[in-house]
């Protein structure tokens, strides 16, 4: 990350652009932001609502305009109603209250791209999604959407957050490592990257910030870090750390601190939302499992046996349940066991983090930071440019950065 | 804590004196130290065996002599054999190997005191335990045991660790706050403190360090901190943080960092060792529950509903099993649940911490520290003089202190 | 139980009278019955909806009229709305749909009695609840309510079900064992039984059936079984078997069948509904714990260590969560562990059983059965007159009785 | 099954022949039987030790001689010592006591066959295992071993029990359905069945009883039931019901009886014994998962979503841990959850059932029963010829059969 001077006044509005704009995480993020804006709910789950962040000059939610890309035909308010009924969360009165505002957001959601998309994703797509002639055409179309959003609403800056379904694994080694070569390969039609990368190229080229909340390839390429630096913008990822992996990043340091030897760490996850349906495809699942699995060994400094599974169980809806079984050796080789069961509503764990990431990234823009943002590591399973996966170290670094902002202000 | 110059060479041997010297924790500590000394086991579970502690000049185990006080008639090696059979831990070959060395330790264990002891404790006592004429007589007898131990073996210093059964709650407000007055009240027979306090008075008066690994009153009195300062010695406590409470001190900061609101935290503990049998007495249990219960609210900064229970279930032996149910509110008031089940062999969780505390306290003596030792907070449920119960903050402070020692060395 | 001839046509309506008529279980029972009557929900959880019961001539719900006694001031529809919001169950549309019908039921709920009530119960009571001059006066007033209900609506029969809060334990040995003596003692003002017994006396004297769904004393007296026989009516109880205890009655027979030796069975229950608030009073809790605890030993034929706790945790609402830890010895003395965690909405587990019991009891009336009804044992933790607590034996006996009815029909 | 007259005196000794004779289940069965014979342990876990079986004329263990087939080079007593150390079960004194007797059994274990074996099994085999020229040659060799065992020791009857590792799935539809054709195909070298079937053919042809304790194909063929009838002998299987599936067969009937709708039943199993290492091969695992998975739907009469996984986690040793998550719908469509965690030592759960099956099968021989033995269904996940998977129905049928024997005796 590189820091430079920048003006600090957030007076013109700022845009939050969500890839997968009508999915569960996006819907909960939008709905939650509208409720927070009206003070209809306390800001529980929002990290940036805490006192440590009060003096950091973060943008208030009434200065935010939302738009996005989406490939499914749906109405945001209907998605929220369905979410309420399936998962037994929210008060229905809130939905009635916000119906018009939700429709207003909906009107700013544009068609995403299917260029490079897997068949599982194509299976969800509306017939109206434009068939882009090439990846490069797709990038240009997506870029125009972002530019139009910014110009039409006089936005000071736009932060793009990818909250779409997880893609199959992509081999990042197959991509050129400089932006010049990558751009040439894309423009020349020699490469067919997954949609997440096209969205990232479009966002960064347009000067937007780009946050990869998924484990998809997205901007996880050296060439795109270079592009961010060139365009004086910033990106971060990947894969929001919401539940089971958050627990891993909290408990593994305990084992390390106490010198207790983890023999095996088995984690089974079941859930039934749309993300789960896509992950039920073995190709897509591989990306997610990889992202969830490296952490324990990284923190401990040795490699215990690990098992990670994610199973699609439709009747669970958005309620992701994880059972983790940690078999460890204590003093004098005594085997002991810790098990935990996490029962959380997945999209509602993710949504406040999306809002936090938006606010912190927007602030980083005003602080003149470009490239990756390592201080955002506590939000991610696989933070770009950060090798320390201890949650509390990461959280400490975030607090330090926030404190440095407060001093400036 | 106060720091002053001191010689750094540990060449004369050092004493470790265990109150409750034939109990489960003491037996496992002694047995483990003898095995570690022979490199018969890897130092799993020993915090001070990690590389961060290598340059801190900690005492090696072959320079340590063990003694103690005990009120039960038993043979240490038999206690270890029974522990092995009941709890299915250790290799039996180890016990055969160490039989003579264990008997050697046994020979240095002296009768403790029953002055001020509860009826539950008296029920365990051997008929031969001396009936001290007064608390003051008891202190003098205990003191003589410590002095004899030190002189006979030419010990540079003695660290006393209380690993005896938990006592009923004592009202520390009823005690004088200065050592002068407390000494006068004790000598005059006006006070009848519990045994743990008599052991602490004896140890500190004799210039020994005193570690309260239990939730008993012990040295948790301002007058005794003053005595430690007067005698240029040190003390710390209380209540070793081995399992369920360790988890609380790790997980509560996660809730705080993520601004998730804990609604209730229910913890049920079952176990069947001697400590459990004593805790089955409601008076004794009250002390333990109080020590386990304050932590969550302290860390969170608000007071969720908490329930803590400890039940004596004899067939569980030393295998303490805890079920914790944490009901929390996430984004938009969504109630979620985390549960954990901890299955650990309690005395074998405690034993390496006793050895760690001994080594670190002995080092603090050589570093010239007197009074309380806040850097030892990560080892305790209710650390003296420390209000921050976040495990990782505490552990960071310990590492900082150890790093400062390394710089000196 | 005694059987005699009886007419079989259910054409005139039948009454269901609920003691605690606006409490959680009553509200869910009433609400559920109204929904079932409209076929708005499938009959999940209703035992008598299964094919084995189709030919037994059970009463359809459109022939049922509901009334009750209650000591709290509340509106049924408001209680259901609050239950919905607190516990995130039901569709709100259902409540709107049934508002008028619920108010109609409400209008048939009369003031219960506080004669003999504990202070915890008195604390809930509306100021308007009549202060009965004596227990006998209370019985007479309650009886008049039942008679008026029956006459006003031309009811063929009334089944009274006690779903009020659990009372403190009452010593049944202190009561006369014949109805003649009990009646004399009541009329003479020599006895002051708890309300549940007054309701039972009133119901049975009036010829109503009486079902004790709680662990309260109620009709658990030989003198009241005699009264039921005299009045050719019937009663059964006690304490509905809905969750954790149901599991015990299912799992303990597995241990018995496999000759695996249960060492200890620990069960902890947390919940936060009104019943829980009353149970938080140690006196009331004792009754419940006793009812939950005897079962395991009864089934196994020996007495393992058992622990049963019930804790009031308000934020859990009606979601009762139980953790059971079963430590057992297998082949060659190998200790093994089974744990289960039950997360159920308590009133919604109870409600269909109340409806089942009503239908089966009403059928027993037409079958001419008087006294206790052992075939209803699978519904109770402590079934009157039944010593076999194996759930499947009990369920088999129910199916046999139902099959015998089908043959008659 | 067909029943005919038979003499009832068990005076000549009887043989128990174990396929996989030095594996974990065999070793625990043998070790346990030797301990039971000496009354060194109480018969916990042995179904046939209960009073209901006392008058059934079952064979006492001092009339039993053990032999077996095995493809690994090992010494039984060493396997038991390793089992003790790895799994922390047994008293080591017992092993010393029985060393000579175990060696004596060892001397009666012969080389099994690798004809038709998977590469995973071949990987375990000793170099000395004979390479049979054809399946038919293998059958003849195995048969000779059984005949020699019987003749040499004057055995009245031999019961063969397959406790070897699980084989990959075999398509039973590919085999001829009559014994005449199957024999011809085998003799003509047209078929290459898995080892389990060769053992079964050898056993049944020789007039031995054959019990398939594994999910392998074994005797699960109509042609082999015919062979059993022709030879007036008997067989039963398959797959011993020891832990998680036992729980399913106990809990699913509870859901059925209470008309609660199971939405999904997810079961994850982890363990680390040799059976687990073989099951880690995806082909072998498929057989096991299939056997564990059908039961819930069979009992409920509808098909909820199910997930079954078995993972090899070496450090768990023989301690199989299963987590089951049962999501069910209660009254008014309310979703609720039951979870259980089973922690059992797998081979020690299986071993007493092997001894029970041996005793009951030997008794069935004397009772003149031939063909399948449906009364043994409670011991199996997929009982031959039995469609009712309700554990208590099955156990009731066993008790009925045993009671009928007692009447005869």
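First chain written, first letter: the chains are A, B, C and D, and each begins at residue 1.
Methods note: a contact is a pair of C-beta atoms (placed from the backbone, for glycine too) under 8 Å apart; a residue touches a chain by one contact, two chains touch by 3 or more.
Everything quoted here is computed from the prediction, not taken from an experiment.
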{"item": "Contact-richer chain pair [B-C vs C-D]", "value": "C-D"}
{"item": "Between chain B and chain C, centroid-to-centroid distance (C-alpha), Å", "value": "50"}
{"item": "Approximate Å spacing (C-alpha centroids) for the pair chain C, chain D", "value": "45"}
{"item": "Per-residue multi-chain contacts in chain C, two or more chains", "value": "88-89, 337, 339, 341, 343"}
{"item": "Chain contact graph, described as a line, ring, star, complete graph or other shape", "value": "complete"}
{"item": "Complex contacts: residues of chain D adjacent to chain B", "value": "85, 88-89, 91-92, 341"}
{"item": "Of chain D, residues touching chain C in the complex", "value": "28, 31-32, 35, 41-47, 49-50, 89-90, 246-247, 250-251, 253-254, 257-261, 329-334, 336-345, 348-349, 351-352, 378, 391-392, 395"}
{"item": "Of all residues in chain C, those that touch chain B in their complex", "value": "88, 263-264, 266, 268, 270, 305, 307, 309, 311, 313-316, 321, 323, 325, 327, 335, 337, 339, 341, 343"}
